[in-house]
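Common to both upcoming complexes is subunit A, partnered first by subunit B, then by subunit C.
And then the complex of A and B:
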């Protein structure tokens, strides 16, 4: 098996902060000196590129081009370390090895995928090739919320799966479905991450309760933060405000990723 | 005149059209089959001797005997979930995933959506 590890970030429901966590976590791992890639497999509703300062005008070739045989993986990889896009937080990534493999935000290209379907042999080949072509230590996969075929494929090929949930009963029920599926796919490292916890709650108690319910480690409990909401995805919050409670809690997750076997 | 690689590529593509495993099926596989499919998904393609090597290097609790491996490979190949090129020691195996089906909505819906989107080209589109 190739040396680089695949880390899938998933949530059963939308609005959990999945893309924000994925982008910040990938950036934090890149800051440790590792070579890191981020693939946006949320082809129906891509969004993670915004956190890395890309818009339609700056975006070159995309995963959609790869899936239609119009581009190679080498052509899609966008070096964030060489194009930090100006944000105060992102500028700290200058010279780091962090590459984004974005999905298209053009309406016609999204509708083409929905209409024609996806060649999964090619999608899987693309994900594995990013690791070898870019000599990655870690490849983060930002998935579409809920369970669909792309998500199952990314879970099935992952070394590490991080399931994000809010302390909310709808999320808890949905997460149990995802945990069952992940266990049936033999994912070697299954972790949970609680996001948007109200600060008035006892975070240690949340952690203990959820770990007992799912029999899986909770890597961190991140607070619901108005400061993060105010950031509005214009920058990588944990790099811009490294001393903020949310950023400190996020950095707890880095060790779980780096120490995963 | 097509070379040997072109012919092999065509052979693989022809076989891929004959079926494939969907990501949904992966969760339903037996533990032995799933181990092989997970391995193949990561490696994309492997020769038979390399597969034997990797299986032998697995932790004892996960290891398959040669007979179990051969039987699993044979069954996975029959179902076109793996594609085999060549025979015996020279065989190369490649995973075969079923294509995700496109939308079943009436084609008229997509034509009108396309027409509307064409009216609003993105900034850097031709």
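And then the complex of A and C:
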């Protein structure tokens, strides 16, 4: 059995920055020399492939094919290190061991899987196989927002769960339930990450207030940044602009992942 | 008609597709009108008898609110046309137009307009192109407004930043849809600023979690058979993956 760890990234609401954080964090961990995989299990609204420069034309076999028994995990893994696909930030990943396991972006295939349901045993098996076949140190999972069944499954199997939230009441309320569920499922490493914090706030205060609420570490507070929004998810921001405040704050999270037991 | 005047007509969106010769045909049937400040070009409810191409000066487009007070809907200036739609759909004027300063405008009466359409295929086509290019323009802007409305509803204001340059272009346009876009944009800016102010206040007041709701939602999720099975499996799965000590 491989020692690879599953790191799930979750948020109560969509648009919180899950895909951007997952892609950048996975890339940063890969930059340290680790073998890293990224699975898009947000089957209903896949998005992370864009950050890695994949479009419909470049996308080969997907997780949907795997779940329909039409592809093996080996066939799905797309090596970013060998295909950085342009992008000033992404090109720094050349030669690194980073593999993307995308979800289909074809409407028909999305509705098919939603209609037929997901075979959880198969999905779970798929994640284990991903780790062993690609000899991964970390497998990052970009989940669907909210707490549907496949998201619960990724929480249940993860060694590290990072819950992203915006500093507002609605997100805090939703996050509180996720925190309780994660504790009930005995997730060994439960981390919080604040994104889209308005720069005029006192970030230290946000961190201590939220940590006190949930009794879990806030790994970092990432600012709301128009620069990031303008990048419009077409490149890996933290690699392209390493000195930006958002990128610096994101890199704080790397050690939490690397040191997780 | 002087060449200067022809040039001014050509600069209007509405007539920009016309050839020199067709422009001259339009100009020959039009008459030059002058309006003093505060003089009305048309009043709301009037029959639509002609339309105008503004050559010099600005005017306000006005309507009245429920109390009868004047509301300025818009301001128009040189190069813009007034009242062309009413000629075609034959409905009474939907708003009044009043000069804000000395105004010079070219008036084309309904008869002259239809005569032109009847006799000159080139003019008709040019005018039709004028109509359709404005429509096409409008559609693009309206699609943008729809897109922005959806984003705004989701609390995603990122478009405010990356659309600024595009908007400046739209702002110089006489198109109503462009004005809608521009108004919508500044509205969202204000909504966002207000929301941020509010958020900041909330932040200072500390976060409030409804503990009862939290408990209820937790029980809803964990009370299912699926969950019970999952909890059982989770332990085996993780144990399986962790190497034996």
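To be clear about the criterion, the second predicted complex is superposed on the first by the 259 of 261 C-alpha atoms of A that agree within 3 Å, B and C clash if a C-alpha of one lies under 4 Å from a C-alpha of the other, contacts with A are read in each partner's own complex, and residues count from 1 in each chain.
One rule holds for everything that comes next: a contact is a pair of C-beta atoms (placed from the backbone, for glycine too) under 8 Å apart; a residue touches a chain by one contact, two chains touch by 3 or more.
Predicted, not measured: the structure shown is a model, and the values here were computed from it.
J.: Both complexes share subunit A, so when I overlay them there, do subunit B and subunit C fit or clash?
T.: Once both complexes are aligned on subunit A, subunit B and subunit C clash.
J.: Quick one: classify A:117 as touching subunit B (first), subunit C (second), both or neither.
T.: After superposing on A, A:117 lies in contact with subunit B but is clear of subunit C.
J.: I'd like to know which partner A:176 touches here: subunit B for first, subunit C for second, both or neither.
T.: second
J.: Thinking of the overlay built on chain A, is A:226 touched by subunit B (first), by subunit C (second), by both, or by neither?
T.: A:226 contacts subunit C only, not subunit B.
J.: On the A-aligned overlay, A:79 touches which partner chain: subunit B = first, subunit C = second, or both, or neither?
T.: It touches nothing on subunit B or subunit C.
J.: Would you mind checking which one, subunit B or subunit C, touches more residues on subunit A?
T.: On the superposition, C touches more of the residues of subunit A.
J.: Determine, under the contact definition given at the top, whether A:252 touches first (subunit B), second (subunit C), both, or neither.
T.: neither
J.: Pick one for A:152: touches subunit B only (first), subunit C only (second), both, or neither.
T.: Touch partners of A:152: subunit B and subunit C.
J.: So, does A:209 touch the first partner subunit B, the second partner subunit C, both, or neither?
T.: So A:209 only meets subunit C here.
J.: For A:168, select first, second, both or neither according to whether it touches subunit B, subunit C, the two together, or no partner.
T.: Touch partner of A:168: subunit C, not subunit B.
J.: Scan A:15 for contacts with subunit B and subunit C and give back first, second, both or neither.
T.: A:15: touches subunit C, not subunit B.
J.: After superposing on chain A, which stretch of subunit C overlaps subunit B: 7-15, 169-177 or 223-231?
T.: The segment of subunit C occupying space taken by subunit B is 223-231.
J.: Where on subunit A do the contacts with subunit B and the contacts with subunit C coincide?
T.: On subunit A, the residues that contact subunit B in one structure and subunit C in the other are 1-2, 124, 128, 149, 152-153, 156-157, 181, 184-186.
J.: Any idea which subunit A residues touch subunit C in the complex?
T.: Against subunit C, subunit A makes touches at 1-4, 14-15, 124, 128, 131, 147, 149, 152-153, 156-157, 159, 167-169, 172-173, 176-177, 180-181, 184-186, 188, 198, 200-201, 206, 209-210, 213, 226, 229-230, 232.
J.: Considering only the defined contacts, which subunit A positions touch subunit B in the complex?
T.: Interface residues on subunit A, with respect to subunit B: 1-2, 56-57, 106-108, 111, 114-121, 124-125, 128, 149-150, 152-153, 156-157, 181, 184-186.
J.: Considering only the defined contacts, which subunit B positions touch subunit A in the complex?
T.: 16, 20, 22-24, 26-28, 31, 34-35, 37-39, 41-44, 54, 95-103, 110, 113-114, 117-118, 120, 122-125
J.: Over in the complex, which subunit C residues touch subunit A? Could you list them?
T.: 154-156, 158, 161-162, 196, 199-200, 202-203, 206-210, 213-214, 217-218, 221-222, 226-227, 230-231, 233-235, 237-238, 240-243
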